[in-house]
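Notes follow the structure.
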Amino acid sequence: MKIGFIGLGNMGAAMARNLIKAGHEVTVFNRTPAKAAPLVEVGAVAAASVAEACKGEAVVTMLADDAALAGVVEGEGGILGTLAKGALHVSCSTVSVALSERLTGAHAAAGQLYVAAPVFGRPDAAAAGDLFVVAAGSAAARAAAEPIFAAIGKQTFVFSDEPAKANLVKLSGNFLITTVIEALGEVLALVGKGGIDKKQYLDFLTSTLFGAPVYRNYGNLIIDTSPRPVGFAAPLGLKDVRLALAAAEELRVPLPLANLVRDRFLTLLATGGEGLDWSAIGRLPGKDAGEAQ
Amino acid sequence: MKIGFIGLGNMGAAMARNLIKAGHEVTVFNRTPAKAAPLVEVGAVAAASVAEACKGEAVVTMLADDAALAGVVEGEGGILGTLAKGALHVSCSTVSVALSERLTGAHAAAGQLYVAAPVFGRPDAAAAGDLFVVAAGSAAARAAAEPIFAAIGKQTFVFSDEPAKANLVKLSGNFLITTVIEALGEVLALVGKGGIDKKQYLDFLTSTLFGAPVYRNYGNLIIDTSPRPVGFAAPLGLKDVRLALAAAEELRVPLPLANLVRDRFLTLLATGGEGLDWSAIGRLPGKDAGEAQ
Amino acid sequence: MKIGFIGLGNMGAAMARNLIKAGHEVTVFNRTPAKAAPLVEVGAVAAASVAEACKGEAVVTMLADDAALAGVVEGEGGILGTLAKGALHVSCSTVSVALSERLTGAHAAAGQLYVAAPVFGRPDAAAAGDLFVVAAGSAAARAAAEPIFAAIGKQTFVFSDEPAKANLVKLSGNFLITTVIEALGEVLALVGKGGIDKKQYLDFLTSTLFGAPVYRNYGNLIIDTSPRPVGFAAPLGLKDVRLALAAAEELRVPLPLANLVRDRFLTLLATGGEGLDWSAIGRLPGKDAGEAQ
Amino acid sequence: MKIGFIGLGNMGAAMARNLIKAGHEVTVFNRTPAKAAPLVEVGAVAAASVAEACKGEAVVTMLADDAALAGVVEGEGGILGTLAKGALHVSCSTVSVALSERLTGAHAAAGQLYVAAPVFGRPDAAAAGDLFVVAAGSAAARAAAEPIFAAIGKQTFVFSDEPAKANLVKLSGNFLITTVIEALGEVLALVGKGGIDKKQYLDFLTSTLFGAPVYRNYGNLIIDTSPRPVGFAAPLGLKDVRLALAAAEELRVPLPLANLVRDRFLTLLATGGEGLDWSAIGRLPGKDAGEAQ
């Protein structure tokens, strides 16, 4: 396929690379053009504009937030105005349900196919092509997107004909991860102050009832306080919880856990944690319990 | 070994049976004597009093709460007064850290060994001898208890020389399970009201990042609202959260999630749920969102 | 003064009437024109458009939310485009801090004066000219608005030269009222279930430490469950808490009480309370405690 | 009347002094005898034991917590065993509903009158005889206690024939005060970070809708961070919230605000605030928002 790819952050660059590796003809675009260079080395064409990335059968977007995606799609020279009729937009970003609903209408009006396909997985999973893809859109759009999903992910979960449902699933999933971080933060603060070795306790948890990677990974991130690269930045974590709460407010669903987690992010950001990985909220329960940080 | 076993509820009866099966000479006692009959059939001796169950090298207790355990240990004709010097008390009940600390001192003063060994697992795991045993106590007490642990559980986790630490681990573990119930209750309410099939969503969760039995089991218990037997009664769930909060208060550790879960239990019990399984709190988020119950 | 008045709801109509009573020449506009008739009877001129209401020295707006105000100010034929240079816009609506900041810039660019002047008080206080006015804006704008404040309110509190500060004060004040509703809802549920007469208890509270009107009024609204007219609609209450939370998120200030109150509103709206007065959230604590509703 | 008075802390000493001033014959007892000296100077007799303080028609207790009161009443040589039949015990301490219920039964069995009469007011109000007395007990007991109430308080509120109801009212009232502290802490953090002068804002609040002393006093205590004497110690605040929560749990009433406040106390005590006035929890919202403390 002839595919444009817009948004070459950690995740996007890895996903674009896998599309190239799968044999697709990929044109890449990033606001900061330097990010394109490593992909050009492995066979991508660098586009000078969004429009140039929209000349193929499909364009994939992987952007930071609603504003970035809306700009690229609805802005002048954007996807809506430049993508061919019948061509496909695969939106992989974690954005609001409301924006996804708006794009659904706009693409339909423009005669373009649109599938929302947010992904689960950290950058290493993206590099390995091991992402979980959550897809929603019309049957035609999903069929057209199949080869793309096959290249970037190891499994695709189809939820609905309405693209925004995939965004809701993604937001709820990220929210669920934050509940694990909060819960681990609380129990580790409790047993730690009670004189129990946290590492040993985490091993116990993950070798009995809580044997999911999410407990192992985030438990270790909470316990091990040494400096580390940011996998997923705290401000993005706040954004995702905010979007989950906004979707829930629209649907009239109270989410007290999401409130709690949102407050943790605010406290983290208000007290010097802007630059940390989002797992850092898991150390706040210990801080409230008087642990040295 | 010659072992007494006190407390023949669903869990205790299954554990006693496994001790018999392992070749131990078991004397059983229950406040309601009828519970002893099925065990006598497979080789147990029925004791007419706590004291009669304390004539061997060890006595195991599996009781509902602090009051029951304190009565059996400290009451007249109780374990403290009747168990031989050097003999062992294995306390498997989920009780407070404070009571366990008190019994530690009392058994030491009486020259008896004491190990706290609460277990993780529902009645079917107890029947299969597949419990996880969390043990704490002096090296001597733990060594003496080894054959008992081997008979009732599939794995033993040793945390400390201080018995009460095992109780803290047990309480924190049950608390962590309730956080999963709450979190699942919230996300299922959200996606359900958003028009997504809950069952399909749960399958997605458990086949990706949340692949632990605790998510699968409690997710299904929340989604499937058909009547069912009570695995673990809601009032006991409230008790365990209360004990976790009491331990945390003593240690000065705020646990906002435990507060939230405790309120869920209070709402459940105040609105007709006294007789339900504790997983029923996971349907309250949906109720607050206007779901028909 | 020659004053335009836009937005003739319960509050706005009463405020416009007091401007007329004070001798000002008032031109009124409302999206639904019928609302203008009673004011025309007492001397107002009915405008056929926003623009017609912008021909004097000042225009006052009292609208339901951000969308309504933004439409009237920034829309075609709106205040920005039609109000004379040097003339004044007094914005009394409860709107977001963000919108008020945007209007500050826009009015400055258009050479117009702008003061944010949200008011505290229910419709009866508006009718009596007894509102509390919270004003912020440049000294020139505030001076120009003095006669308007004098006509609609009994006291004006000036907070800042930046208009948006008045909006923050208003939002925080409404939030504080909701904390009183929640707190009263909880204690009344507690003492009521404890067998104490709620009315007698409220009298005790308000004749001792809690002798503020807000306790008396909302306490009675919670206790007396008979049907009544809506003073301030629940969906508007939710809107105000949402705006307070949005302002707080921007400032990185966690507000756990606002989260709790927001969830109460969501539960109320999800379970049939769309048409109720916002004080109805104060009965949800009793509902969670099993009170018949 | 011939009255014994047990418990000469800040509050108790002031109350005993007012009984003396009113002409009663007062015998005082305190665990630390030195506290009795200033009262002996103004006419009291110092008792060497609880029993000696129980020789009159009535004994008043004003003690720190359940343990202290239970010891004085139920201990050897305690009130139950030494007070004459038909004589009166006036219990002014803030204790649990459960203990008050137990004492109701015990005093009835001993043929003694018992009235629970906790008081509202800080030490200066106690000194001025300006306390609010919340009384519950049999008509006979309340009648007998009238002269005592008249001497220590400026107004008495009678709630029930069951003494424990007065304790519930007291606990709920203290809980309500903490909700004001929390709410003020949150709004002051919000407006303060928003660039508004906190003092001016508090003046606005208390001169409009929130004109109760509790807002003025606690608002000032939160804003003014200079060192000050402890009016009511934080650990006692925690105790009272815990007792309110225990009473509410017994009645199956969720109190999310009480949970929040309890966590504030735990955080305060875990991070160096053991020795502070309970109003210090009102600075924690600002701390979470990144305010220098």
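When the chains are written out, they are named A, B, C and D in that same order, and each has its own residue count from 1.
Throughout what follows, a residue touches a chain if its C-beta (ideal position, glycine included) is under 8 Å from a C-beta of that chain, and two chains touch if they have at least 3 such contacts.
None of the values given here were measured: they were computed from a predicted structure.
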item	value
Result of counting contacting C-beta pairs for B-D and B-C, higher pair	B-D
Centroid-based (C-alpha) most distant chain relative to chain B	C
Gap in Å, rounded to a whole number, between the CA centres of chain C and chain B	53
Distance from chain D to chain B - Cα centre to Cα centre, in angstrom	39
Interface hub residues of chain A, defined as touching at least two other chains	248, 252-256, 260, 263, 266-267, 270, 288-290
Chain B-touching residues of chain A, taken from the complex the two chains share	97, 120, 132, 134, 155, 157, 159-160, 162, 165, 168-169, 172-173, 175-177, 179-180, 182-183, 186-187, 189-191, 193-197, 200-201, 204-205, 207-215, 244, 247-248, 251-258, 260, 285, 288-290
Touch list for chain A against partner chain C, complex	238, 242, 248-249, 252-256, 259-260, 262-264, 266-267, 269-270
Partner chain A, residues of chain D touching it in the complex	263, 266-267, 270-272, 288-290
